[in-house]
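Look for chain A in each of the two complexes below; its partner is chain B in the first and chain C in the second.
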Partner chain A sequence: MSDATIIFLQLVIPVAGAVVCLATGRAPRVQRVCGVLGSIAALMAAVLLVARVDDAGVLAAQASGWAAPYGITLVADRLAAGMVLVAALVGLATAVYGLRDVTDGRLPWTFYPLLHFLLLGVQGAFLTGDLFNLYVWFEVMLVASFVLLTLGNGRAQLEGALKYVVLNILASALFLVGAGMLYGKLGTLNMADIAIKLQDPSEVALLHTSGILLLAAFGLKAGIFPLFFWLPASYHTPRVAVSAVFAGLLTKVGVYALIRGYTLFLSGTFEDLRSLLIWTAVATMVVGVLGAAAHFEVRRILSFHIVSQIGYMVLGLALMTPLALAGAVFYIGHHIIVKTNLFFVGGIIEEMRGSGELGRLGGLYRNHPWLAVLFFVPAFSLGGIPPLSGFWAKLAIVEAGLEAEAWVATAFALGVGILTLFSMTKIWMEAFWKADPRGEEAAARTGARKPLAPLVLPAAAFATITVVIGLAGGEMFAYAMRAADQLMDNAIYIRTVLGGLEGGVP
Partner chain B sequence: MKGSFILEGAARLLLPWLVALSLVTFYRGHHLPGGGFIGGLLAASGFALIALGAGEGAARRALRVDPVGLMTCGLTVALVAALAGLFRGGGLLAGLWLPVWSLPLIGDVHLGTPMLFDFGVYLTVAGFALQVIFSLLEDAA
Partner chain C sequence: MNLVLALCIGILFTAGIVCLLQRCMMRLVVGLILLGQAANLIVFTGAGLTSGEPALVAEGAKVPPPGAADALPQAMVLTAIVIGFGLTVFALTLLNRARETSGHDDLDAFSETDRI
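This part shows the complex of A and B:
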């Protein structure tokens, strides 16, 4: 199989998956099987891509053979390929989780097609080499997410969805204006081509307006301070399977766009914005973790922690050393797995007890020790306890911070780490450790209305992955380092896209 | 839900014209303004008018096929058109064209996978727009 075909497959499989799921909508059983099989196929293709990219460096594919910078360019470097793989993993886990979580009424009928469309948007955003196409992939992702968010039509859901929709449309508008201005000035939207044009310092002065607009747009989607407030307002309302895939993937696409931007086509403006980015990152970490401390509902607490963790990733980007970037890359991968898993576990708790309010929970450790283990692994990985994956991620960021002599930011990163641990301990104490407020007898029953196996399986798989990433931290980190090297030196990326070297259709 | 008599009558008269206009817009879209997206919206607007005038049920009967089926069909057509290029070695979405022939009135006829892809878009957009409109009207009723 040619390299270009491998890249195309990442997009063709989700489309095919969505079509098959739409076509089999009247036979729910068949549709579910197809939904899961499609996700498995996507995962296999992603593994193939990572293996090939890690070998070859950067791969580029030009759709329909029109050469860059005019055609539709898809590029896979190590960062993009890694993200594609993690996204495919989350897709598969969510598809399995959805077998039980999304069953009533009209829901399942739309869930699987939309899940595949959502993943199509996510994979497209990771792989595109063109700024306008990035916008389009964002839109694909958003359209699917709007519908997924409102599945079930609850009042709270519509309220959350309204905030989500309004703010994301605002972000899209900023993105479009920024990209439009850039195109007006430079006459190109191919990211590699923009990077070349901006090597001329006289052009950089013109870039700042569009640079700031794009920063605001990507920042809003990533959920950085002060643009994060849509996130905790909407993520706890939809179905668990939906909020898990959102929590895991969507904000990270924004972070990915920031990384891609500042290492490639916006790199000319980076120096001017470095301190802004560092302090934004710190504020994001602090505000997120304080918000989490103030809440007492499992999924709300977890939503605020997404914000807080985004701060670490942006800090890694803002420090812009190879170690810091590798830390950010590793952090994203670790975070997607862990956060999705925490939402899965939160969903199992809600399913068993009918509520995610900490005050109404209790006694889970005593009655369901297996669930305690499932929660313990991702929660304390998020808190940065060795040897789980979060420890290595935080270690890299902190080490990079010390190396760059960003003392204050590093101190904040450590402090926020402790507060994260506090917040995870809060859930642990309230939901698992204290006695069940309903009394002993009620606590012994699981209370689940549905068989739990499809809910537990993905959670257990992700917990295992978290432990494996922790134990094989060196291997994973080496990959992140290789990805960071590519990001620090964008010449290979540019040459591959524009020169048609190393694979790609001529 | 029942709308006004005038709207109902006008919508029935307009429907064939709107569908024909949508097909013309779609066909000229390869080199000129137009194309599958806007064509699909135009076609959907014809049925949307009927839905507003005579109710969502009447529009569904006029459409004859399920909007979701339309979407599925459109996506399949687009996917097949996109993959055709890949299998012939030109990469995803690469265009394959039939030889050009001439017809009276229309002139030279260019048929190929890009047009097929665009037709998939036409069906998908029409199906999607109608699915949204019909569900909104269903909820309102």
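This part shows the complex of A and C:
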């Protein structure tokens, strides 16, 4: 299989999955099977891509053989390929989780097609090498996410969606203006070509307006301070399967765009923005964790933790050393798995007890020790307890911070880590450890109306992955280091994109 | 022409932001539409305005004549308009549903999901 075919497969499979799911909408069982099979195929293609990219370095595919920078280029470097793999994993887990979580009424009819469209947008955003194309993929992702968010039309859902939709449309407008002005100045939208044109320092001065607009647009999608308000207002309202895939993937696409921007086409403006990025990252961490401390409902607490963890990733980017970038890359991968898993477990708790309010929960450890284990692994990985994956992620960021002598930011990173642990302990104590407020008799009965296997299976698989990443942290971190080396030296990326048509589809 | 369009873009942005900051739901939608149009106009004018020089390749030639309009911003703006149209329709439907379920259209009253 040629390199270009492998890259295009990452997009063709979700499209095919969505179309098949739409076509089989009238036969729910067939549709579910197709939805899950499509996700399995996507995962296999992603594994193939990572294996090929890790050997070859950077792969590029020119759509219809139009040479870059004139055509649309898809590029897979180690970061993009790694993200594609993790996204495909989350897609599969969510498809399985949705088998039981999204069953009532007409919901499943739209859930599976939209899930695949959402993944199409996410994979496209990871793989594109063209700024305007990135905008279009963002919109594909956004429109699918709008409909997923409002599936079911609950009152809280509509209210959350209102905030989500308005702020994200605003971000899209900013993105469009930034990209349009950049094109006006440089006459190109190919990211590699922009990077070359901006090596001429006289051009850089012109870039700042577009740079700031793009920073605001990506930052809003990533949920950095002070642009994150849509996130905790909406993420706890939809179906659990929907919240889980949003929590895992969507903000990370924004972080990915920031990393791609500041290592490639916006690298000329990076030095001027470094301290802004560092302090934004610190504020994001602190505000997110304080928000989590103030809340007493499982999914709301977890939503604020997304914001807080985004701060760590942005801090890794802002330090811009190979170790810091590797830390950020590793952090993204770890975070996607762990956060999706925590939402899965939160959903199982809600399914069993009918509520995620900490005050109404209790006694879960006594009655369902297996659920306690499923929660314990991702929760304490998020808190950074060794040897789970979150420990290595935090360690890399902190070590990079110390190396870069960013003392204050590093101190905040450590402090926020402790507060994260505090808030995970809060859920543990309230939901699992304390006695059930309804009394012993009621606690022994699970409230689950549906068989739990499809809910537990993805959660257990992700908990296993978290432990494996923790134990094989060296291997994973070596990959992140190789990805970071590619990011630090964008010459290979640029040469692969503009250098020739070897990977082009005839 | 440049000045007129620049003023237009400025006015559209200002009006869009003013509308977004109001409490009424309908103004919110109008604000979003105006902002989207402002963004489209920026993209359209970003590569410079040419008048009377369509980006057509003459018979036998390989490239358009020098000074011809750049076709790419036009293609981009078309894409952006279509996307913006879809987003607006969704936003309208959503706001309508939100108004129906909540029974009011005061945006400040939608504070349920932010409550601690």
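In this section, the second predicted complex is superposed on the first by the 500 of 506 C-alpha atoms of A that agree within 3 Å, B and C clash if a C-alpha of one lies under 4 Å from a C-alpha of the other, contacts with A are read in each partner's own complex, and residues count from 1 in each chain.
By our rule, contacts are C-beta pairs under 8 Å (C-beta built on N, C-alpha and C of every residue); 3 or more make two chains touch, one makes a residue touch a chain.
Quick caveat: nothing in here was measured; it's all calculated off a predicted structure.
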item: Partner chain(s) touched by A:172 [first = chain B, second = chain C, both, neither]; value: second
item: Contacts of A:4 with chain B and chain C, given as first, second, both or neither; value: first
item: Partner chain(s) touched by A:61 [first = chain B, second = chain C, both, neither]; value: first
item: Partner chain in contact with A:202 - chain B first, chain C second, else both or neither; value: neither
item: Partner chain in contact with A:161 - chain B first, chain C second, else both or neither; value: second
item: First (chain B), second (chain C), both or neither touched by A:22; value: first
item: Chain A residues touched - chain C or chain B, whichever exceeds; value: C
item: Overlap of the chain B and chain C footprints on chain A, listed as residue numbers; value: none
item: Interfacial residue positions of chain A with respect to chain B in the complex; value: 4-5, 8, 11-12, 15-16, 18-19, 22-23, 25, 61-65, 72, 505
item: Complex contacts: residues of chain A adjacent to chain C; value: 132, 135-136, 139, 142-143, 146-147, 150, 153, 155-156, 158-163, 165-166, 169-170, 172-174, 176-177, 179-181, 183-184, 187, 189, 229, 232-234, 236-237, 294-295
item: Contact footprint of chain A on chain B as seen in their complex; value: 68, 71-72, 75-76, 79, 82-83, 85-86, 90-95
item: Partner chain A, residues of chain C touching it in the complex; value: 20, 28, 32, 35-36, 38-40, 42-48, 70, 72-73, 76, 79-80, 83, 86-87, 90-91, 94-95, 97-98, 101-102, 107, 110, 112-114, 116
